[in-house]
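Look at the two complexes coming up: subunit A is in both, with subunit B in one and subunit C in the other.
Take a look at the complex of A and B:
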């Protein structure tokens, strides 16, 4: 039974998702001791060749997948409208080389061994529905996909085995993607950009929730939380409420800070 | 033991709703499917097991017409009865519930759901119950069998409704309702008789989907759920918004039918 992480990394004008993937793979190796497969495009690989010539050694396998379509989204409080390549995530089932896979976003700062607790579960599919900000507050936008619609699930972290059930789930994600503008109308969500969290949520709902949920909370830092320090024991943010030290895996909305941190470590 | 459902339908609107209710029970229930109606209207007799007339109208001067509901115990033609509200529809088979009901003399609904299947907690309509530590019971689906304790219970409910002000001053002084409410009267009776543990199920049923607008967990209040949520009837399913509905729907809004 093979086990490993799968990450997707496609750079845009400002954010080197390739670099985020390399840094995260190093953390996964160090803390979780598991292999990582990266899915990227040639441009991202070329960029990494310049930034980190030995980047391939961080990964178990490298899968090249050119981004067939792009969309744009705002990063931060409306500051930067950048291209966003996130449309191949539904291919994870076809791509993964592992029997058990944790599909994870590159902007998750791994600090604990929590994710290793998911391996060997009796469930075929584990999805994430529990999340709070750094102060433990839950927002309604991460409870329902819209006020009157269905339950919200994060696509940010997901565990799956290669089974018929999960194949069906990922096929359903592709169907949702193909019919997204209509489904966006039905579920009262924006039609652009396509959001994988919504694709996950709609697919799960339409299949009658063939998944269990990840038993721990996904902590996220917002665009307003400034990353100021990382150590082996915690990561510190400057927030509206002062300095906040976190010893937990954190989903970083503010990719700029993460890139800055990685660049400092490189220096 | 004879078993059946019983509904009160006073006034034209409720009479028509009770007919829809009768259709839905016939179409979905594999077990108990008899429904009798207590009414002051002409109804389609073929839909009902028995049509019982309201002889003495206790609600003649009442806007909400709920005072006659204290007569359920005396008027039921069944030894085991489930009383229902007229503005309900059965959407799937709940016949297996009756097996569990046999263990009880009286069983009140205390868990109701939103259209998204979430348990309703801290409903803004339930301040009287919360602030007066009354059991959070819903009379819209209530089981009882003829017995000494249920006779006593309904007699007490009747007394509370008839002397509403006196009882509410004592048992629900906070957020007190000016007009009689069967839910509150039953809650007070349960509290006085100290039978809460005997009349509330530990299981997830009986339950129903309660479509009171402000209970749905929506960020915006819309006054009527029918203004903002679509209802869709397919060949084999019924949906509100994106959610397939099963069990019993208490649709509340009269324009829904």
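Take a look at the complex of A and C:
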């Protein structure tokens, strides 16, 4: 039974997702001791060749997949509209080389061994529905996909076994993606940009919720939370409510600070 | 003490208290994550109630998702659960005591 992490990394104009993936893979190897497969495009690989010539050694396998379509999104208030390549995530089932996979976003800072507890579960699919900001507040936008619609699930972290059930789930995600404009209208969500969390939520809903949930709370820092200190054991953020010390895994919306953190490590 | 001084002291205390509560909540969250135990394909959240209600003669145990899990060796599960809980609670207790000794926002967040 093979086990490993799968990450997707496609750079845009400002953010090197490739660099985020390299840093995360190092954390995964150090803290969770599991192999990581990265899916990236040639431009991201070329960028990594310049930034980290030995980047391939961080990964168990490298899969090249050109991004077929792009969309744009704003990375925080007052920031530029940047391209965003996230449309190949539904191909995870076909791509993963592992029997058991944890599909994870590159902007999650790994600081604990929590995710290792998911391996070997009897469930085929574990999805994430519990999340709070750094102050423990649960927002309605991460509870329901819209005010009068269905339950929200994060695509940020997901565990799956390679089974018929999960194959069906990922095929359903592709179907949702293909019919997103119409489904966005039905579920009262924005039709642009396509959001994988919504794809996940609609696919799970339409299949009658064939998944159990990950028993951890996903902490996220917002675009406005600034990373001010890092150590081996914790990171500290400056937020609108003050300073906050975190020794958990954190989903960082503020990619700019994450890149700064990585570059400081590399110096 | 003037009203202004009193308000300044109250505001400073409120900031300290808010940060203390925040760090306490995060510690508790980590404790809850640490009490998760994976066994025989099931995920269990170990608590005093779970340990107290565990029936060693029953080979079926309900996991966190309400899935019945067949356990071949109940004694091994109970032993693993006790160890996990003891370790998690020990760490939680020590870190909680450490937190309570901090008397400023700066020391609470390690700056």
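Convention: the second predicted complex is superposed on the first by the 266 of 267 C-alpha atoms of A that agree within 3 Å, B and C clash if a C-alpha of one lies under 4 Å from a C-alpha of the other, contacts with A are read in each partner's own complex, and residues count from 1 in each chain.
By our rule, contacts are C-beta pairs under 8 Å (C-beta built on N, C-alpha and C of every residue); 3 or more make two chains touch, one makes a residue touch a chain.
Small disclaimer: the values here were computed from a predicted structure and weren't measured.
Annotation for the three-chain superposition on subunit A: subunit B and subunit C fit side by side.
Of the two partner chains placed by the overlay, neither subunit B nor subunit C lies in contact with A:43. Once the two complexes are overlaid on the shared chain, A:187 sits against subunit B while remaining clear of subunit C. Of the two partner chains placed by superposition, only subunit B is touched by A:147; subunit C is not. When both complexes are overlaid on chain A, the residue A:119 reaches subunit C alone and has no touch with subunit B. Shared-chain residue A:62: touches no atom of subunit B or subunit C. When the two structures are aligned on the shared chain, A:217 is found in touch with subunit C, with no touch to subunit B.
Of the two partners subunit B and subunit C, more residues of subunit A are touched by C.
In the superposition on chain A, no contact is made by A:168 with either subunit B or subunit C.
Once both structures are fitted on chain A, no C-alpha atom of subunit B lies closer than 15 Å to one of subunit C.
Once the two complexes are overlaid on chain A, none of the subunit A residues touched by subunit B in the first is touched by subunit C in the second.
Remark: subunit A residues 112, 114, 117-123, 134-136, 212-213, 215-217, 219, 228-229, 231, 234, 236, 241-248 touch subunit C in the complex. Touching subunit A in their complex are the following residues of subunit B: 116, 218-220, 228-229, 241-243. Subunit A contributes residues 140, 147-151, 186-187, 205 to its touches with subunit B in the complex. Put simply, subunit C touches subunit A in their complex at residues 15, 18-19, 22-23, 25-26, 29-30, 33, 36-38, 40-43, 45, 64-65, 67, 69, 105, 108-111.
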